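The following pair of complexes shares a single chain, subunit A, combined with subunit B in the former and subunit C in the latter.
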Partner chain A sequence: MKYKVFYYCNFLLVFRTLKLRKNLIKWVKYKELWQRGSRFIRVTPRSGLCHLAALKGGLRFQVSAALKEGHVTPTELCQRCLSLIKSTKFLNAYITVAEETALKQAEESEKRYRRGQPLGVLDGIPIAVKDNFNTAGIETTCASNMLKGYISPYNATVVQKLLDQGAVLLGKTNLDEFAMGSGSTDGVFGPVRNPWSYSRQYKEKSVPKSCSEDEESNWVITGGSSGGSAAAVSSFTCFAALGSDTGGSTRNPAAHCGVVGLKPTYGLISRHGLIPLVNSMDVPGILTRCVDDAAVVLGSLAGHDPKDSTTIQDNFKPFELPNLTDVSKLSIGIPKEYHAPGLSSEILALWSKAADLFKNAGAKVVEVSLPHTRYSIVCYHVLCTAEVASNMARFDGLEYGHRSDMNKSTESMYAATRREGFNEVVRGRILSGNYFLLKQNYENYFIKAQKVRRLIANDFVKVFGSGVDILLTPTTLSDALPYMEFIKEDNRTRSAQDDVLTQAANMAGLPAINVPTGLSERGLPVGLQFIGRSFQEKQLLTVAKWFEKQVKFPMIQLEVKRHYHGAFQHQKSAFFS
Partner chain B sequence: QKATVEVLDHLEHLALVDFRDAEGVERLQKAIQFAEQLHEVNTDGVEPMDSVLEDRCLYLREDDVTEGNCTNELLKNAREKVEEYFVAPPGNIPLPKLEERETFLQGS
Partner chain C sequence: MGDKLSQQQRDYEVQMVKIFAGYGCENCNYFLDDMEKLYSVDLAPWVPVVGLEIHAQISSNSKLFSGSQVQFAAAPNSLVSFFDASLPGTLPVLNRRCVEAAVMTGLALNCSINKRSLFDRKHYFYADLPAGYQITQQRVPIAVNGSLSYSLCIDNKMSQMVTKTVRIKQIQLEQDSGKSLHDDTRNQTLVDLNRAGRLGLFSCFLEPDMCCGEEAAAAVRELQLILQTLGSSQAVMAEGQLRVDANVSVHHPGEHYGVRTEVKNINSLRFLAKAVDYEIQRQIEELENGGTILNETRAFDSKLGCTVPMRDKEGKQDYRFMPEPNLPPLILYDAKSLPANMNHQQVVNVDWIHERLPDLPSVKRAKLVERYGILPEHSFTLLNEDGLTEFFENVVKQTQMKPKKVIGWILNDLLSYLKQHSLIVKESPVSSFLLADLLNLLEKKEISSTAAKQVLAELWKGEGKTPFEIVKEKKLELIQDQKELEQICQAVIDGQENEVMAIKAGNQKVLNKLIGLVQRETQGRSNPVLVKQLLEKKLSE
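This part shows the complex of A and B:
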């Protein structure tokens, strides 16, 4: 068995893998090695951070192994994560933190570990769930006034599956209202801040205007709409999070927050319990710190669900990712249309470097063409608003959610409820959608968009049919924007700009993954996207894992100041590495 | 093509959502303009695509009742209820016309 032991040297992180024989691995030995290493850390072992930090390599196998060996208990892990959530409250990543239920779940998990009967790799692992998934007994708001105070009577299938595996649900994360947006800035609970705004890497590169005010005004967005989930994973408050992906809502924040964001094939994971945005394109998304973890979570979530008739009935077998060493049999496609206007030169350079990486490793790298790419965002705009107009019709205040006091007639009550409950983004989309569905416009807009969708999907079929295995594209046009700059344009414009590269995969229902690749000049993460064939997640994740190993994305060095109370009361500043 | 006031009024009736201000109307006009780009694409002979899973057969399940009996849970979230009923205000009363409604469109 291989165990990785981390040695810290001031601010550098040096990995060394020690092969220890099974019979030498005892708790005492582990502690000795740990204490030797901890001499170099600025953080006192008492705070437990270094302990958590050691487990933060991202590899859940490490955490699971640690839980199994008894080096850390699920309750400890849960408590650490909860206190971390408290100290990173300024990120506004969580809407609801389910403390009591989480601790209860952790205790149950601990009992199972003591009996030697954990439910699986996910037993005791803290996770977070985006707030548009229904969770029984926990408030589900979709960051909207319409559902404030709504306590779901049931668990979404994906949530239930995770809980059945023993995962500990820490809370619900923040998002754009009803998952409409690309910045996680438009929810009623406020915008989510990117943890990288508070990282040493960003601070070193940013020009401080004045010592005290720059942090408050300089923070960058997380991207959206699963920004809260991405921020939660990126700031180490949980080991995996669920998001949803309709136009890039999982991959976009994953790229901006430097985490792995997987959008599975449409029909692989159940959408039962996910409050729908666009029924034909929504999928639950998975956010984790490394590709292996994403494969583990995918393994526990995928499969047919009788409650969701859009899930395929094929048998899904969870897989373990092989360690790819030979990429010479791979064919990587580089779609030239993804060199979209507005793509930053840094990302372009990174993209070329990645292509060269594959070429030098022996893979076949070809330029391909997806001619209808630039229409995908327009097509999405029409189809999305049309489906939104239909899906939002269920919010009338009668059976659940906000209800207005207007009582003159049913229609006026509905109108007043929806006036009060929805913000302007949602209302705008509903009205646009209704416009495109009017009898006089149906053929020209809605049906036309559906035809264009087929053209886009066919583009992909053609490219994959010509022998290409995986497509490599950038995920976003640039690194994360500062909040003050982002809000200068309205939600629709921003979505149209930011979803350009991620949208087409949703149109065609293909799996796609964002792998954090490097840091931009401003010290912010940038990711690249891999798009695979339908239902070929294993191949996609294998290639992504190989790529991840090659690029060695740096870990965030989160700096949390002393006045944010929590676990770091003893030291001036805590360095997470 | 700009949407006329009649169309906007019709949309408000259909959607039961209002254009709060000029910005709302402007947003719709821009959305329509943005969608105009679709007409540049030649889609002769192309069938509309409803779902990416169109090649698979939708299945039927047995007509057995497997869920239900959850009246209490479902009623918990409703604000106004009487015994096992959701209470709604009187129906069959249409939304007031544009002239009588208090809506932003009145001014345009």
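This part shows the complex of A and C:
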């Protein structure tokens, strides 16, 4: 530990001399603001915590430094986050808030700090975890009736690793049922609201200020399926959150919520304890406010896990991200197929602007082709549903989870349990998956889809083999849609549309990251995606960090009414276990 | 003959005809002995075909894919890990010990080992299968194309042993399912995930090369011995460590195989033979009476000695096989392909295992025959009884008697006594030391073999007396005084005038009667060889 502390001290020195005093003053201001209990908490760059976040690459060092210097205690930090969770409850970002255990963990962390023996950078840092990761003693629901009330006896490896490093687990975040969706609108606990719906930026551009009814109907979705985690990070209720990414479930909501969303290489992070969607594509995702934070969390999670045979055997060395000054040796690929139908002109413009940014800085920017990417959606549909059909077979009501009262026969109990436990989306995928796996269909669908998957993956191999270092693409087709708009199409259509830019990376197992880039005309975040070579996270994140620094993505100016009641009563049952 | 018959099946048919022509399996009298008749007569006989699926639990301290312990008769659901109960988010992790055991077994059964094998999911809903699928090796199993040679005797005569070979299709690593206990009175099903939780298991598929229950039982017995020798499985059928399902069908020679049934719930070798034979007979009768055979699963009822259809599993299953995404291909290495930088604890080296294979039963038998000069069939009996070979070798070591003679005492006296009292060799009241002692007395001609049997009868009582003490106590030692013996012989000769006449007329067989009378007179305490000499001498005087 001593080594680690020293390691970070290099950075701390810089910050301490330059910023710390200033920040300290801001912390105090921030505290006062809270204590004053004004009707609106205006979370702006001028109010302490967020200002810290605004400092590119500084957050982790700053919070960590503040903790170490004793300017703020883990308990204070935890309490602050908990009360912010309460005041932003209407976002429906959390399914379960583990207030008691979080405070206990914070207390433990505080003791360690007092002894001068913190476990590392993450000690005392409040985090949130998507509700499809197992957490011992805290409900794990997958936003499904099937697992409502289910308390796992074990921690997912990633959760355990965070806890082992002293992180404070605030709660479990909302998602689409069993992570099947791209809006975070199809969970049993209701849709997640995008914090940007309540930002000054969005309100100024899209909502007539006086009309609160419009505000109510104009709120936008977070994207999904890790929408709860993205909203939690975006609304400052936690410093980092875990999501999962099978077809874009981390990057998509990250883009819509204006946060960094990293999908690491398949096999770099253990899936043990992640309730699977598609085993061959699932990767635990990392949502943070800046690229540096993502690198810290990645460093604490990556590496071989004897409980997951698909993790790589090699040791993973956590890394610091250098501040890139020269990008002239970089080759950035622009895959033309990502100029997909339905791509909004705004995003297209932003994309080319980003490409120009690299070009102007001296990087080589080349157009590349990934010819099979356009088959990705239909291929994914077969592979995903087949694995879903298989993975969901265990939910039969016998060992755990929901069990129907129907007891005429074992078979009728299974049928009723699964009908009552799963929503239409899950049932639909199970049905088509089983169809694709039937003996007479297996060759025509599953085998064929596997072959196409290989072609998609080979496209990337070729492109990277041709000397391209990183691919730059949009993350989403447009900015976040208003909820009322989004639900006009069914889940399947939406998933097919929304995953189109993210999913090929899952097919190929490649690392990819969403970097918040700018605001749309409606004042909503828009992100771009970088796709890197397998296990070359350091390179990917270094480039992402450089880009992040150039674009200076604006901080959310969240305007939260302290007592937001009324229309959100129905979500109450799902809140606070 | 069916014209569409494949060459392979035709070859097989011919091969089988040859087998039967050559040996004439006693239990295979379902069809006519005379092979010529077989093809000239319209009313062709039936050819039964038996294939076996054998599931063996691997002896290891943990299950195939989880760290749970393995133990027989543990409290229900006490040895179940999170993975075994299929808790959401758990993943399989392959147990190295199970892989090694499967490789070892594959090598012992002359299989070719696949250096790269794959895992698949086989889906079906059943209460004791918590994941809703079983992880198995359907596409590329760990070992394929092996063979197993076994011997069986004709007409229960030990002297007529024939050796047969059954082909082994594949050996695959597989999870076991749980155990369902149906409580019909309370209309409920209880599930125990201990056994099944997920024991390390491999399945061995024997091609349909057998034709009767006895053959099937003999093949499984040999496999059992091999597994026990390797230590890869205890292979006790009664404890479910070895489970055998038989696929049985009958057809007319030259035609395609008939519809097969699968017979399950067989928990001993004896029942295997019975079940197979019953099922063959049932199918023939059914077909002779104009009925049809359903492709169904039947259970053997050991009490009634018959097979009954099992609960309907709702028609034909489509198992919707799919590659197991959580287990990468299983890669095995040999001395050449072993990567230098690999941690040797983490890889399985086929050559290394090959070098360390213990002597297999067939080799052990050959060695016994060679070393001790015993008959081949005796070597089978020695190996078939657990611990008997060791017992025999210990006796041989401690006695001057020739092994050829010792084997008679072991097989005729010891073994039949143990069988009568349902004891295993370990439980024998007479130790190898005591038996050797007794045989030494016999060898030194201190007692007759009749007396030795009397001593043995005393020894069975297990009263802690030595053979010598018993001999003394019962006065069983041979009469060493030649004069005394001569007198007795003379007395016998004097009393049997007719017999003496007969002998003198040239009927030497009658001499045996006189020897017997001397034995009776001396209460078995005379040396028959000596008695014979004395009698011959006296009669020729």
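Throughout what follows, the second predicted complex is superposed on the first by the 501 of 577 C-alpha atoms of A that agree within 3 Å, B and C clash if a C-alpha of one lies under 4 Å from a C-alpha of the other, contacts with A are read in each partner's own complex, and residues count from 1 in each chain.
In this section, a residue touches a chain if its C-beta (ideal position, glycine included) is under 8 Å from a C-beta of that chain, and two chains touch if they have at least 3 such contacts.
As the structure is a computational prediction, the values presented were derived from the model and not from experiment.
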Partner chain in contact with A:387 - subunit B first, subunit C second, else both or neither: second
Which superposed partner A:419 touches (first subunit B, second subunit C, both, neither): first
First (subunit B), second (subunit C), both or neither touched by A:488: neither
Partner chain in contact with A:455 - subunit B first, subunit C second, else both or neither: first
First (subunit B), second (subunit C), both or neither touched by A:427: first
Touching partner for A:280 - first (subunit B), second (subunit C), both, neither: both
Contacts of A:156 with subunit B and subunit C, given as first, second, both or neither: second
Which superposed partner A:375 touches (first subunit B, second subunit C, both, neither): first
First (subunit B), second (subunit C), both or neither touched by A:317: neither
Subunit B versus subunit C, judged by how many residues of subunit A each one touches: B
Subunit A residues contacted in one complex by subunit B, in the other by subunit C: 150, 153-154, 280, 306, 309-310, 313, 389, 396, 398-400, 410-411, 414, 434, 438
Contacting residues of subunit A [partner subunit B, same complex]: 150-151, 153-154, 266-267, 280, 306, 309-310, 312-313, 372, 375, 378-379, 381-382, 385, 389, 396-401, 403, 406-415, 418-419, 422, 424, 427-428, 430-432, 434-436, 438, 444-445, 447-455, 457, 490, 492, 496, 508-509, 534
For the subunit A and subunit C complex, residues of the former touching the latter: 133-134, 140, 142, 147, 150, 152-154, 156, 271-276, 278-280, 306-310, 313, 386-387, 389-390, 392-396, 398-400, 410-411, 414, 434, 437-439, 442, 446
Footprint of subunit A on subunit B - complex, ascending: 3, 7, 10-12, 14-20, 23-24, 27-28, 30-32, 34-35, 37-41, 43, 46-53, 56, 58-59, 61, 70, 73-74, 76-80, 86, 88-91, 93-96
Subunit A-touching residues of subunit C, taken from the complex the two chains share: 82, 85-94, 121, 123, 125, 127, 130-133, 189, 191, 314, 318, 320-322, 325-328, 346
